[in-house]
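Have a look at these structures, which come just after this line.
In the two assemblies presented below, chain A is common to both, partnered first by chain B and then by chain C.
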Partner chain A sequence: MANLYQSLELIRPEIVLSIALVVLVIFDLIFHLDKKIVPYIALAGIILTGIFVLFNPQSGFAFQQSNLMGKIGIFAVDTFGNYFKIIIVISSLLIILYSFSSDEINKIQDRIGEYYALIYGMILGMFFIISATDLILIYLSLELMSLSSYVLAGFTKLRDRNSEAALKYLIYGSVSSGLMLYGISLIYGLTGSTNLYIINMILQTPNANQFTLALANVLIFAGIGYKISSVPFHFWTPDVYEGAPITITTYLSVASKAAGFALLIRFIKTTFVGFSDSLGNWQLISSFDWKSLLIAISILTMTLGNFTALWQNNLKRLLAFSSIAHAGYLLLGIVVFSNGGLLAILIYFFVYLLMNYGAFLIVMLISNKTGSENIDDYDGLGYTSPLLAVSLVIFLVSLAGLPPTAGFIGKLYLFIALVDAKMIAVAIIALLNTVVSLYYYVRIVKHMYLNKPTEKTLTVKPNLFNTLLVLVLVIPVLVFGIYFQPLVDWAKNSLTILGLM
Partner chain B sequence: MFQVTLQHFLVLSAILFSLGVYGIVTRKNAVMVLMGIELILNAANINFVAFAKFGNFGFGGQMYALFVIVLAAAEAAIALAIVLNIYKTFTNVNIDEIDNLKE
Partner chain C sequence: MIGFPILSLITFLPVIGMLLILFIPKEQSKSIKYLTLAITGIQVVLAVILLANYNYNAAGVYEEKSFQFIEKFRWIYITGISWLGNVKVDYFLGVDGLSMPMVILTAIVSFIATISSWTIEKSVKGYFALFLLLDTGMMGVFVALDFFLFYIFWELMLLPMYFLIGIWGGPRKEYAAIKFFIYTLFGSIFILLAMIGLYFSTTEVLADGTRVHTFNMLAMMNPANSTPDGILSLANPNNLRFIAYIAMFAGFAIKIPMFPFHTWLPDAHVEAPTPISVILAGVLLKMGTYGILRINYPIFPEITRQLMWWIALFGMINIIYGALVALAQKDFKKLIAYSSVSHMGYVLLGMASLTTAGVNGAIFQMFNHGTITAMLFLIVGVVYDRAHTRGLYDFGGLAAQMPVYTGFVTVAFFAAIGLPSMSGFISEALVFIGAFGVESIRILTMISTLGILLGAGYMLWTLQRIFFGPLNEKWNTLLDVDKRELAMFIPLSIIIIFLGVYPSAMLDIMNTSVNTLVNFVSGNINSITQNGL
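== the complex of A and B ==
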């Protein structure tokens, strides 16, 4: 019984989220005539969860089972998980603030309670994915998150493209999670367990059937690769990002990707790493060559993302391909298999959160006015709406990875990790990709500043709330580009992934 | 007397899995694609139960199969709701014809 109380203490943020979800649904039912209060409950729940994550200094295993390996559990609370949970909390907070000013969401005020309840379902799923160390818990939480997001992708039903996005997301998502489940069943047959730590111990003895293990790993990677939208599981990304309401697009591009990366890192680190030496390099168990697989996938992902983005005219679709390319860069942080690479991913993800959210916010404010995201809407915008245009330029420069913005710091640490691991060729390919990406980011800037304003040019004047929201995102992007030490220190303190060393 | 071994179950589940993938790739009707997905999930279920029985892994496998059955039901409910919505918008459920979002 004492064990259970300890476990409940460790999962306090998840408990707060579940209670907030229930409260949200009940309030939605009681006050079904006036739903003004619902978003504020959602906001309060997120803030409370954030406080519990921040002030949860403990680390350890929840729901322990004692067996031959000592005490291991199916849910690991550690600083690595807390870092990603903070990223989820910040992005959820921002997405609720975005929903206040999004036209698409304001048109469905009568169903706003369900909208927030589904977002809470996603958050809960992501929190469990980040900490899960058991394949079945991983699968269940992945599905909890996916099922909520399928509905959210088509939630507004204002245009044909909403339903189409939901259908495409549903079909690609269920196929990849089905493949992943089949892979899990094969791993269960090989090792007799679904706990990552026990699987790790059994794989260290070279008895497992290599071919089956490789097949199972590839199948499991299908499920995770779909979440982080890596090649060849990226087909849904542009269509869903374009079709979904823009708040959900933003959320999928950052939060759901963060959860996918946290899962991939924890899965590889706990299952396939034998030990890490004093320099922080991870020694892989020799049973499956993750390194070659991930190098190939990351190079393909960033190249395809960048080159397809070149001829996109819809801003949402362009940012979708840019987010595929960023998934490629982030995968490079994993392929070096060292603490340096992990540090680079953590820093990059926080920066990516700020700049991607910023870019989508500007696109949303302009699309509120025009109802579309076509690049021609941006002609001459730099002369009529200076604040939005300047901010968008800063976010795009940061996405391209140029100084003096935070995006440069993220890329810098990534390249340092690659050079440290003596993977110069891969670093050069990534650098060339960055150059390609510059073209399509600068193309938007050209539309805003080099095309002279005509009588058709929009004038978008954001209200005080939206101006503050833009500033909250622009200022950190600039500040972290120059004074990035606090971010690096925070990431350095978050490298612990619970293991059995 | 004919003895049913682990191999028989694995072959059965592999056939189900392949049929599921084949159905997803070739069928045009969204409902048929969803049925292919169900086949894949059930192939995994057969694996779980067979491994638990023949490998003496305890009751874990059976328990996982129950989880997956519940989850498959939830997924089918959401999937059919989305397909119904598609039918209302496009008056058909042929996934090849629903491609407004391509450029």
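== the complex of A and C ==
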């Protein structure tokens, strides 16, 4: 019983989330005529969760499974997980705030309760994904997150594209989660366990069938690669991003990607890494060549994302491809298999959260007014709506990774990690990719400033609330670009992934 | 020496001005213009104060204590990451004989460009805000001594330049702007990679005895600071120093622009508005050669010595190729743009000689090219404002119609040709003296002298086509230069003639540092006895 109490203490944030979810649903049922209060409950719940994450005991295993090899469980609470949970909390908080002023969401006021309940389902799923160290729990939480997001992608039903998005998302998702489940079953067959730590122990004595192991790894990567939209599991991304309501697009592009990356890192680190040496390099134990696989995938992902983005005229679609490219950059952080790479990912993710949310916020505010995300509607916007246009320029410059914005710091740490690992060729490919990406980001800038305002150009004046929201995102992007010490210090203290060593 | 952080002030004053401009309502375009004029004017005053307090005998280059007006603060310091080492970035500014001429040049050219911008009517507020941001970037590049800081300033210029060409430029401005942007970014990614490599190969001992990786350029120049296994360390037999040198050189060469990376330049110049062409030719191109002298030369002295001949070769190609293409131009502005390519070739040639005379000549040529070409672009701007054409064959006989203007044109053209008593003559002569003395590049130098002949050819021919002969009746209404234009031409002409008659005024500023740089790169200064960084 003591074990259970201790476990419950460790999962307090998840408990708060579940209670908030229940409260949300009950309130929605009781006050079904006036749903104004529902968003505020959602807001309060996420803030409370954030507080619990921040003041969580720093580390430990919940639900200990076995005492064979010391204390291991199926749910690890560590600083690494907490970092990603904070990212999820911030992005959820922002998405709830975005929903206040999104036209699409305001049109479905009568179903707003379900909307927030489903977002909470996603949050809960992501929280469990981040901490899960057992393949069964990983699969279950992944499904919890996915099922909620399938519904959300088509939630507004305002356009045909909504339903198309949801259906595509569902079909691709089911296939990849089926593949993943098959991989899990193979791993279980090879090792007799679903706990990552035990699998790690067994893999240290290499007698497993190498081909089967490789197959299982690739299959499991399919499930995760789908979530982080890496090539070749990215096909759903542009269509879903374009069709889904913009709040959900934003959320998928950051939060669910964060969860996917947290899972991938924890899965690889706990399962396949024996120990990390004094320089922080991770030593792979399995003969499966994760490094080559991930290098190939990350280069393909960023190149494909960037080159396809060049031809896009719909901003949501363009940002979708740009987010695919960013997944490629982020994968590079894993490829180096070192704490330096992990540090780079953590920094990059926070920066990516700020700049991607910022870019989507501006696109949302403009599409609220114009009803479209077509790049031609941005002609001359710089002259009619200076605040939004200048902010969008800053976000795009940051996405392209130019100083003095936070995006540069993210890229800098990534390249520092790559050069430190002597992977110069990969670094050059990634840098050439950023040159390509500059072209399409600047294309938007060109439409806003170099093209003359036409009679179609609207003046978009955000209200005070939205102005503040824009500033909350713009200011850190600039400040962290010049003074990035706090960000790096925070990331540096969040590197602990609970392991056997 | 001076009671206030003068380098920070001269660098960041424009940013303060930019923020002030953002609060001025856009209808008051006059006050925006006067504010910008005041800011750039103060910069000139600050540059004069710098010069007045400048110690002509301090070397700088690799030695921190002989840099002047130093400002050094810890900016980022991240400890406790054992595997990456502790990370340190300094806010480190200072000038020596290499950067001082460039600081003066930047101040002067920005001031002149502000006067030239007076005719801007479109989105005045945005124009001057971006102009001032660009000014900060340029000044920062010349005073930064921390590589990280240098890189931030280097990249800071890209976006303002993109907008300034793209919004206020000519018919093909969009193409020119994005071409400039992509080209320069392409160059700077290689600089970035080399910078990270150098960072991992350099450690610095702090006051408390800890060793940290650093972006400090001066620390990178001292072989004693390199880590044994860093990828760019001398001690590491498998080092990639050669590749890093080429990469960084290419990054800087794009800015110069060195053949074959020059193709962005004619486009950018032709499409850019006059003041931006002035800035581009006057200051931006110098950043490339400055970067090579400041970073490539002292950090990789052994490779510099190895590649001297190649740098001279490219210098020669720039000189001859630029001049030949200039001869074929029908557009006045394009002709000046290609003459820029040719003249920057002299800088490369002088640098390649690795002699005091040659490098002195190179830096002096950077300064002179900055003033002379700025004037040439202003000249093009004046005639284009009035006639709305730049075709060399559209004119004729303007000397009778615009005598004062023609006088200034003659000064600028003769300076560009390198006529004695003009500043261009001294720097070109020094370059040739320096380069001719070096056995290995003598042939290249001899071929390069053809450039002077070609230069005289296209310049005099242009003079003849536009200003002499019978007056084209179409232009008998053109007015001579007004007071504002005089305010741009007179100071530049004075500088050009003054430095032609009394070159020591500029050469003395750089001489000590250049001497030290040449000795340092040639390996004559024992690296162990360095400043004990």
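By our rule, the second predicted complex is superposed on the first by the 498 of 501 C-alpha atoms of A that agree within 3 Å, B and C clash if a C-alpha of one lies under 4 Å from a C-alpha of the other, contacts with A are read in each partner's own complex, and residues count from 1 in each chain.
The criterion applied here is as follows: a residue touches a chain if its C-beta (ideal position, glycine included) is under 8 Å from a C-beta of that chain, and two chains touch if they have at least 3 such contacts.
What you are looking at is a predicted structure, and each value in this text was computed from that prediction instead of being measured.
Participant: Just to be sure I read the superposition right, which of the two partners does A:453 touch: chain B = first, chain C = second, or both, or neither?
Facilitator: Neither partner.
Participant: Identify the partner contact of A:60: answer first if only chain B is touched, second if only chain C is, both if each is, neither if none is.
Facilitator: neither
Participant: Looking at the overlay, does A:175 come into contact with chain B only (first), chain C only (second), both, or neither?
Facilitator: The answer is first: A:175 touches chain B but not chain C.
Participant: In the complex, go through chain B and note every residue touching chain A.
Facilitator: So the residues of chain B in touch with chain A come to 13, 17, 20, 24, 30, 33-34, 37, 40-41, 43-45, 47-48, 50-51, 55, 57, 60-61, 64, 67-68, 71, 74-75, 78-79, 81-83, 85-86, 89-90, 95, 98-103.
Participant: List the residues on chain C that touch chain A in their complex, please.
Facilitator: 75-78, 80-84, 87, 123, 151-152, 155-156, 158-159, 162-163, 166-167, 173-174, 177-178, 181-182, 185-186, 189-190, 192-193, 196-197, 199-200, 231, 240
Participant: Taking the complex as given, what residues does chain A use to touch chain B?
Facilitator: 136, 139-140, 143, 147, 150-151, 154, 157, 160-161, 163-168, 170-171, 174-175, 178-179, 181-182, 184-186, 188-189, 192-194, 238-239, 242-243, 312-314, 317
Participant: For chain A, which residues count as touching chain C in their complex?
Facilitator: Residues 278-281, 338-340, 343, 383, 393, 397, 402-404, 408, 412, 415-416, 419-420, 422, 424, 427-428, 431-432, 434-435, 438-439, 442, 445-446, 449-450, 483-485, 488-489, 492 of chain A touch chain C in their complex.
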